[in-house]
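Next, two complexes with subunit A in common: one pairs it with subunit B, the other with subunit C.
For the complex of A and B:
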């Protein structure tokens, strides 16, 4: 199921909500969480029985390993081995099912191993694997929430209860397919709170508002930009001559499509979780308002950024720094080892996390170099001096202007069907094929782009609008930009009710032709 | 005047419960509009969905009304929703499964060509792609009363089998019932209420609109500046137009895995299948190589060859093509766009072939056909008798003549 599917919105969600609060009222927390777990599995089954079995298997393996390393004492050498085996399972299943590593290494004639991997990439495997891996790391580090969350594991009943809680944490349907990737330290305190399970009408109202805004972004804006994107990138893939204006419109349309697709999903995920009384970490905070790539990654897919930074960049950077210090390397190689190399690897993994395609690889390289370069520039005395003397408004404007073009080009490469197609699109954007045959009627895409980018740059984001009700856990602190008069605060009332009704009805008008979320494929 | 202070207005010391209760009441009161709106939308939507599913205006279920399409004619923007309405109607024995190049044929016109026993439904829609075309053919294969299928075989079959027309409601025709709720949109709701009001037949109001659209398209295309652009493209890509794609029959999965099995199934049941290769101009290969494939000509020729080899010898199956005639495919005066014939005489000749057998492709004559097309395309010089020009030289407004098309 996908969030914008009427079956989900008008049948699955109401039934799950009623079941959750009824069971919570009559039977308590563990049963209510079991309802969340079961409903999440039901939500996932339409993606394929094989995928559902793989999800359950991942849950069982990770839960068993987490339970074992929680029970076993620190002095037992097997603890580390069990932990590493659990993490190996996560990495291998990701490589096997998502990246089809056997097919890559041995070709399509490797027999049954290829046949099993040949199933469609299980939806959300990158997300739930990362969440499971982070949980295991917390369990190994004896993070205090893990012991409290798992509780006593002395009886079959307590093990089943703990597994139900764990299943609800990892597979909770608002975040199962596209995140946010959540830490237990964000989930556990909420379910331990006395307020959890109490039906709060504010939660419902905030949740409904998020869902209607998110649905509108996805179905009305992103999906109406998609046809232009498909035409332009399809033409670029076959090496077509494209009018420069249409090439720019195509690249900009993809920027808008990706933005509203992911933003719409993120809003809906926050809203759905909130209806069950849970706040989830914010994953998307006006990323195109960033003043550089560093700021961008504090606003775009924030929960992936922090997981990669925690488990990959920081250890690599620390190892590089230590190596440089122990071996007394010169400043330049030391700098390369402690910053540039970890950064390039970090972004290569972020790129490849989206899938095993060369375009993602090039995208990762572009962002890796850019991030490292920007880090260097911002560390220079010159930049610090400019920052001290220049007007923050002018500096911010210039930084955003400088940031825009590389972002546009890198996202165009990200969307391209091949690396050559990506570079071909660049050549057409900066080319002179003004006599090229028109690929599409310009009026509608231009109107859609104007609307989309006006919303992006002028309006506050959903979390800002709803800030009175603490709608999400802030992953990073971000500045808010945009005209002050547009930064109105949301509160439940008739006006807002009319507002969300219009958004939902407009979305339902388009919903019968809707394609799935873009990030669902990653 | 001040109001008297009443002791009842004060809560007794330490009494917190009423404050809590009132806070909860305030929350419920303030969120009431929001929850009411959401509940109302849900109830209305589910009610409408229940009505639509019960009435079944698309005739996709075994229950509900059995609507009919009047004279087999469907509005061109709704035909994709009404595939089952036509396919399950025993009154029709002949189906035209085509694209925008065959959308203009009315059932009466087809009846005039094919004979009085032909009860035709035209299921042509713009921009078909392999997956949706396969879903349509599957519906026809399941129809026990079908006698004749005319289907077009165009460039889309060189694409991957999973490519789908973005507007096509695949959710209506796939095996997954969980996505059927998506059919609840305004046209469907209106149709459901029409049926409840006793109107069980669907009529087509857009013939006149469509004719105006086609005529305007022709006028727009028949313009010297357009011809200049095309002539420039022809000269620019002449050396590479015949380039090899490196593809072989095994690589055309849409043909092998989707089209051929359906054609075989129909042939086995004794259904007459006429596969028409739409007439594309020779300029089409130069213009559309830009956005379809740089080796479009080669891929098209190989795809045709594979089709002829796969089904050309099956009983009741015929394949037709006319674009090896330079007077037809070489003269842009016959077209409203490089891939769309406009000339009524050619359009008639195209469908009449199913009765006369002219232009039939077989294993024996295919090499000649392929050679003729390749040669004509590779040596093409832009020709447009409507604009009174026969060379690729710069045309001018003064050269435009009112001569009739070929």
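For the complex of A and C:
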């Protein structure tokens, strides 16, 4: 099911909410969490029985390994082996089911990505695998939440209820398909709290508001930018001549589409979880307001950034730094080993995480070089002197201006149907094909783009609007930008209810079209 | 306690050398936020320099878990003690 499906919104959600709060009232926490787990599996079944079996298998394997390494003492040598076997399962199943097509190594059918059994990539596999892997790492490090969360594992009943809790944590439907990738240290304290399971009207109000805002972003803004994007990128793929203005509109429209698609999803995920009384980590915080690529990755898909930084970049960088310091390498090779190489690998993995396509490879390279370069520039004495003397407003404006074009081009490459199509689009954007045949009527896309980019740059984001109600767990501290007079605060009331109703009505008008979320494919 | 102080003294020396623009106090409560030059990149460098100086070894997740210098000093003391 997808969040904008009326069946989900008007049948699945109310039924699971009522079941959750009723079971919680009569039978308590373990049964309520089991309801979340079961409803999440029901939510997942439309993605395919084979995928659902794989999900359950991943849960069983990870839970068993986590339970084993929690029970076994540190002095037992098998503890590390069991842990590594669990992580090997995660890595292998991810590589096999998501990238088995890699055997055809970026062949022409790579875009279809169908596995040998003929099923598509299991939905959400990278998200639940990462969440399970992070849980295992926490269990191995004996993070204090893990033992409390699993509880005593002495009887069959206690094992079953621990598995129910674990299943709810990893597969909870608001975050199962597209994240946010959540740590147990964020989830466990909430379910241990006395407030958990109590039906609180403000949770429903905040949750429904988030769902409404998110749905509007997705079905009204993102989906209305999609046709223009499809036309321009389709034309670029076949090498057609494109009027520079229309090429720019196409690239900008994709920027807007991706932004509102993912932002809309993230809002809906926060809202859905909140209706069950749970807060999730924030995944998306006005990324286009960033002042550079470093800031961008603290605002865009933040829970992926932190999980990749934790498991990939930092270990690589530590290894590179250790090697270069122990061997007293000269500054340049030392820097290559401790910064550039880990950074390039990090972004190559982020790129390929979206799928095995050359366009994602090029995107990863672009962002890897850019991130490393920006790190170097910000570390120079020259930049630090400029930062000390220049006006922060002017410097911020210049940084954002410098940031915009590479971001636009890299996202255009990300969307392109082929690398050559991407470069062709760049050539048309900076080209002179002013006599090219018009691909589409520009009035509507220009209006949509104006609306979209005004919201992006001028309005507070939904977490800021809702900040009175602590809508999300902050993954990174981010500065808030935009005109102060637009930073309204949401609170329950008739005026706010009318705004939300307008969003809902507009969304329902468009909802019948139902294109899937872009991140669903990653 | 004196062992902690001895470790902190050595760490202070490394911090003065690595973060040469910082001249504020270095205490058990000092965090990365107090020192402008102390970013994620220099954090790794600092950790490895401390490892080499004190002959200890930190895991990567341990390096990221230190909330202030006090945590680091205590972890180092635990290993050398």
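Just a few scattered comments:
Everything below uses one rule, namely that the second predicted complex is superposed on the first by the 505 of 522 C-alpha atoms of A that agree within 3 Å, B and C clash if a C-alpha of one lies under 4 Å from a C-alpha of the other, contacts with A are read in each partner's own complex, and residues count from 1 in each chain.
As a working rule, a contact is a pair of C-beta atoms (placed from the backbone, for glycine too) under 8 Å apart; a residue touches a chain by one contact, two chains touch by 3 or more.
Note that the structure is predicted; figures quoted are calculated from it, not measured.
When both complexes are superposed on subunit A, subunit B and subunit C end up sitting side by side without clashing. Measuring from the middle, so to speak, at the Cα centre of subunit A, the directions to subunit B and subunit C differ by 160 degrees in steps of 10. Within the superposed three-chain model, A:375 lies in touch with subunit C and out of touch with subunit B [touch as defined at top]. In the superposition on chain A, A:338 contacts subunit C only, with no contact to subunit B. Looking at the shared chain after the overlay, A:391 reaches neither subunit B nor subunit C. In the superposition on chain A, contact of A:155 is made with neither subunit B nor subunit C. With both structures placed on the common chain, the touch criterion links A:505 to subunit B but leaves subunit C unconnected.
With both structures placed on the common chain, the touch criterion links A:321 to subunit C but leaves subunit B unconnected.
Among subunit B and subunit C, the chain that touches a larger number of residues in subunit A is B. Taking every C-alpha atom of subunit B against every C-alpha atom of subunit C, the smallest gap after superposition is 37 Å.
Residue overlap on subunit A between its contacts with subunit B in one complex and with subunit C in the other: absent.
Looking at the complex, you find that subunit C touches subunit A at residues 41, 44-45, 47-49, 51-52, 59-61, 63-64.
For subunit A in complex with subunit C, the residues that touch the partner chain are 137, 141, 310, 314-315, 317-318, 321-322, 325-326, 338-339, 375, 379. Residue ranges on subunit B touching subunit A, taken from their complex, read 27-28, 30-38, 41-42, 45-46, 49, 166-167, 169, 171, 176, 178-179, 181-186, 229, 232-233, 287, 289-294. Residue ranges of subunit A in contact with subunit B, taken from their complex: 1, 5-7, 9-11, 14, 46, 200-202, 204-205, 208-209, 226-227, 230-231, 234-235, 238-241, 435-437, 439, 491-494, 496-498, 500-501, 504-505, 508-509, 511-515.
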